[in-house]
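The structures considered in this document are given below.
In what follows, chain A forms one complex with chain B and a second complex with chain C.
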Partner chain A sequence: MISRRRFSKIAAGTGLALAAPALSTSSLAQAQPIKIGTSISLTGPLSGTKNALTGYQLWRDDVNAAGGLLGRPVELVTYDDQSSPAQIPAIYSKLVDVDRVDLLISPYGAVLSAPVMPFVKQRDLFLVGMFALAGNDTVRHDKYFHACPWGPNSQVNWARGFFDLARAAGCTKVAIMSADIEFAKISAAGGKAISEEYRMSVVYDQSYPPNQTDFSAILRNIRAAQPEAVFVCSYPPDSTALIRGLSEVGIGDSVKIFGGSMIGLQYASLLANIGPALNGIVNLHLYVPEPTMRNPAIDGFLARYEPLARAQQLDALGHYVPPFCYAAGQIIEAGVKGANTLNHAQISRYLHANPVQTIVGRATFNELGDWTEKRVLMVQFRGIRGRDVEQFRQPGRQVILDPPPLRTGELVAPFGAARSG
Partner chain B sequence: MKRQDVAFAAGAIVVLLMGFGAVHAVANPYFFFAGYVIVQYVVLATAWNILGGYAGYINFGPAALYGAGVYTSALLLKAFGAPLVVNIVAAGLVGMVLGLMMGYLTLRVQGVYFAIATIALVIMLETVVHNIEYLGGARGLALIAPEPPAWAVGRTQFVFLVLLAIAVMSVALARWIERSWIGRGLRALRASEEAAECAGVATLRLKLAACAVSGALLAVAGAPYIYYASYIDPGSAFSLTLGLNTIAMPLIGGTRSWAGPVIGALLLASVQQAATVTISSELNVLMVGLALIVFIAAAPDGLIGLAERLRRKMHA
Partner chain C sequence: MFLEILINAVATGLLLGSIYAALALGLAVTFGILHIPNIAHPVFVVLGAYLAVVANERGWDPILAALAGALPFYLLGALFYEFYARVFERRGEADTMQALTLFFGVSLVVETALVLKFGTNQQTVDVDYVGQSLRIGLLVMPYRLLVPALVAPVMILTLWAYLKFTYAGIAIRAAAHDVRALQVSGVDPHWIKRHAFGIASVTALVAGAILVIIGPVDPFSGRLQIGRAFAVVILAGMGAVPGTILAAFIIGVAESLVSAFLNPSWSPGVAFLILLATLALKPQGLFGASR
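Let's turn to the complex of A and B:
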């Protein structure tokens, strides 16, 4: 007959033997990393944004140093999309179907993000958007959250700050010029809508081919139209050529405010290249080192970014893209920790209901996943001397004029006076 | 029907059946995303080779005709919700008309001048699309395609199968042209246009036919793209990289026969797809450039020509 003690031993042994595989599987699962997938434009015309990877990597390192997410380490799975939308469907299918990533971040900008949106909608996946203006307005996916503070109805509203400044300066006649390219066209359309709303007459409205290098004829035509505000929607190569043309041809005495949506004037290489010719231009930015913007978190981030940028020959300043990539990670972190799961619906529900503190500010999301509060800066270049990049790290060189809560100075106008530095 | 024709027809049916079987047997959609790009290049390379390989008229603007197909299909889908088959036929007709217009260019320009003129067609069509707001202009156009039929498993699998059928038909057409009196005429034209004309070959009619067929097939290759990506933009539709790949593939495989572009496309597109998710970056484009240099230097008649040369050497 079997004794009670012997029975207990056998029962415990059997139980342990039965539970062992489950225990080992469970501990293995715990050790499995949480995979976050995205594509980055390492090559092609958008390769200027490849420092996005550094932003993601710094966040990954921080979150892993703090114990990971749900007790699991975080792993990034990234591919080069070659700045081509044609590559995106296959890359995101690879991320989801082959690499089995747990969460997705979109590629950079509206053009590359557009093919991802139907994909995530059809599969009902969580996605953090990166820099796509009105990225979710067409698909209206309920699991989309934007890492950039373009704000609601961004297609029209994001450049409103420029027109608010123009109106405050008494401008009634506006000239709009744009490159024949996606972001610039969206910006120009938004600018026209706001001009109409503010009853400003559009005295010049022309687009130019993206490879335009000589702006002297265009600038002369604008000068002849005698606008008081010139809203420019350009991309990096034409931004540089246009500013050079501006120095040679001028724009006339009628202009009080010039700039608005010039992409490229956020990157160190272009800023250093253009130098003092930047003075007086009012342009968009998302972060500048002004006292109203700085906080220990972003200062710490940039202090870690700068040596990496030097070593990897990335954008020396890193003010435009990398902090928002870090913020994308923080949004994921907040959602996963808040919902305590990787379930996309529950993460989305949590993020819709709760604000997220990021290094670029506090994000509260509306039903489309846009920040409820627009935080696009309009900054005026002032006191730029020589071509030293270091000066763009100092306050007072990119003075914030809009939005009012972050303002660090008033508009210097007319434009001719502001140009003198 | 000759034995070779029977073998070709049997091979074509097997390819289609394998594609259909794969859609039901392979659960992972990624393979159809990648497969779509590879099969698309088979159609593009085959179509380009009808004019560039058989007739020897180098068309540097395949992206113009492909883009025309992409945008024709998107226009019909957006305006009328037209089914894919209608879009494919319409894209083919548009491509044929553009091809004919390109063919008339050959009356005035030949050789390198014709090649330059075809590049101009890409720039012209891209500029036209930039200025049509209804097609999204420079910002591109996002469209959600209708649900695919139930037998196709999913949307990606459906467009993959459609494109596979187009590829099989394109290759069959290219093979028929190559072996018919048209192919013989085009070969004479490539050897010497003046001599062919003196020998009674209707060069203009043949050139127009080659341009029209090539143009139609290039445009047809673009028709399903909006169903694949749900988004089109002028930069991708009229991409010069796509044009470069389309030209490189027949040159690598061999331009003298229908099999050359198929082999070139399968090889290069597969390697590129693999490179995109492995080594990635500039190496992808560099690979095409290096492959072109190597093949032009070492195997000017492509892989098919190289194999033929090796076979002759072994028998000699």
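Let's turn to the complex of A and C:
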């Protein structure tokens, strides 16, 4: 006969034994998640970058599948900033004070990131920067780390590759044109500084309003100035209009190299829309599928991204933004694991002292959180036929001219000859 | 070189002006004649542009596609007015601020619908004449601007003739002046206004086809057009439909000359400076007296 007390003990022991595996396996799920907060431009003029979310989500899934961070799952807290800087202060205050996120990632680009910087400096918070050119040069926050390889002193240096190519091609006269927006202004100022350093005379230097649709007057004025290099700092809508203008009114025979800092020529939709008119343009990129760039990690990432992009109507290529969002997650992962804490000061100390291996390369940070090694690519479009986006997944279509260690071809000049494809 | 730049700046200004007129024409009907501040007009233009994109993917020329889609867009415009009238006018609450809120809300709804359907990527059309130019001596006119610019005068002339020489057109103009007198004449002002909104919607469709020929569009492209469209209508003078194209020419040429000889960044400001100066000297607009 089993007494009631003994029966209770046996039942409790059996129950505990049965529940033990479940308790053990669900410990990660039951632990408080580590919250990472950011804003994404899901709507508005910068919504072409909304595929950033996919990059973050793929990293979150991977890190959670590998056991999370500090034994806790990772959770993303994101808001739509509507591409508007006015939304940013409220969003980041909410992320920190209401959602109580543990770590922050900045919005996309210089325009949206600028309002975040005083906030993180004042609160002394860790922040991973996303695509903001010279994003920390003014505030100089010691807990800021950039996910993009603009390199040190990026305002001046990031487009240096374009001017190195121009100098090697014997250019002495340069024209600079830029859109009236933060990024383009910074970029154009950098271009002017390098022109001066290389003793190139700036024969044309003007800006234009955003979303300009007709560039014929500007192109005629540039042609009249007879530059040998034309450095363009544009945003997606005006990049398209400008390239169409090139085909319609031309730029003159004096030009050897054209492009430099045209945003939009990294997006699948624009590449497909413009098609063969891209040929000859030399422009910045961060990743192109050339032999010197490819590695199993980024190939694997893009193979996972592409079906998601098709299903969600995102940028079909995903070469520009998503890999660097994944890398932002990897920087956080390395910092938290390396410091073994969520303390922002300790994470920052670890990242300043140790390199991070990401899918877009090995990152070592300087005192401003910029990569110590610039890895902005200058690529020349070649052999573009028709409007099939698949061709931009093939090597040889966006030939890397700079930096030299990644070079896959030499500059084809003059520009008129390069235009023929 | 100076002469070449001058000739081409004026020509480009005229082409751009013609395109601005096409974009503003629907607003000239709803705002200029009926005095309804339809700030949703630019989003209807963008909707028209997307229809042109879809048709172009099936091999249609954007402008021909717009003409083919005229009837559905007419009905859409009429339905839109019916909604506005039921919400405000029939309750006798056609307050301008409330109407603005309604039209703003409709703009957001249409933008969101376009985002959900097409995503946020920029859309464009593939037509043979984009990237080529007509060259006559020093003059170089891109077909990308020239073809759309030829459509606007045809639209304006047709609308002017309709308003001037048909009973329905005269009734539309009368609706803006004296609704009671119109009713005494046996004409239903509600029907007339609905008809006018239908016409404005068709002009938005054609303007959308024009817009996507000159450059790529996204769901938010309408926001960039609204200021200039209102400026053209007000500069022309409320209800002065033929004046719309002349006002648009003035703005287009001013922008182009400033862009060519001063600084491209100043061009949008100079256009509005002309508007302010004109309103200060002639508050009814350049051609307002002809209404």
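In this text, the second predicted complex is superposed on the first by the 391 of 421 C-alpha atoms of A that agree within 3 Å, B and C clash if a C-alpha of one lies under 4 Å from a C-alpha of the other, contacts with A are read in each partner's own complex, and residues count from 1 in each chain.
Rule of thumb we're sticking to: a residue touches a chain if its C-beta (ideal position, glycine included) is under 8 Å from a C-beta of that chain, and two chains touch if they have at least 3 such contacts.
Model, not experiment: these values are computed from the prediction.
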On chain A, do chain B and chain C fit together or clash when superposed?
clash
I'd like to know which partner A:T43 touches here: chain B for first, chain C for second, both or neither.
both
After the superposition on A, what does A:K94 contact: first (chain B), second (chain C), both or neither?
first
Which partner does A:Q346 reach: the first (chain B), the second (chain C), both, or neither?
neither
Looking at A:T292 after the superposition, I want to know if it touches chain B, chain C, both of them or none. Which is it: first, second, both, neither?
neither
Report for A:A277: first if it touches chain B alone, second if chain C alone, otherwise both or neither.
second
First (chain B), second (chain C), both or neither touched by A:D180
both
Does the superposition put A:Q391 against chain B (first), chain C (second), both, or neither?
neither
Looking at A:T172 after the superposition, I want to know if it touches chain B, chain C, both of them or none. Which is it: first, second, both, neither?
neither
Give the stretch of chain C that clashes with chain B in the superposition, choosing among 39-47, 57-65, 75-83 or 93-101.
93-101
Considering only the contact definition stated at the top, list the common interface residues of chain A for chain B and chain C.
43, 180, 209
Okay, in this complex, where on chain C does chain A touch?
1, 4-5, 8-9, 12, 16, 112, 115, 118-124, 126, 130-133, 140, 142, 144-145, 214-216, 218, 220, 224, 256, 259-260, 263-265, 267-268
Listed in rising order, the residues of chain A that touch chain C in the complex are 43-45, 47-48, 50, 180, 206-209, 211-214, 216-218, 220-221, 224, 236-237, 240-241, 244-245, 247-249, 267, 269-270, 273, 277, 313-315, 387
Under the definition above, what is the set of chain B residues touching chain A in their complex?
28-30, 33-34, 36-37, 127, 130, 137-140, 142, 144, 155-156, 228-231, 233, 235-236, 239, 241-242, 273, 276-277, 280-282, 284-285
Per the touch rule above, chain A residues touching chain B in the complex are 42-43, 79-80, 82, 84-91, 93-94, 97-98, 110-111, 114-115, 117-119, 121-122, 138-139, 180-186, 209
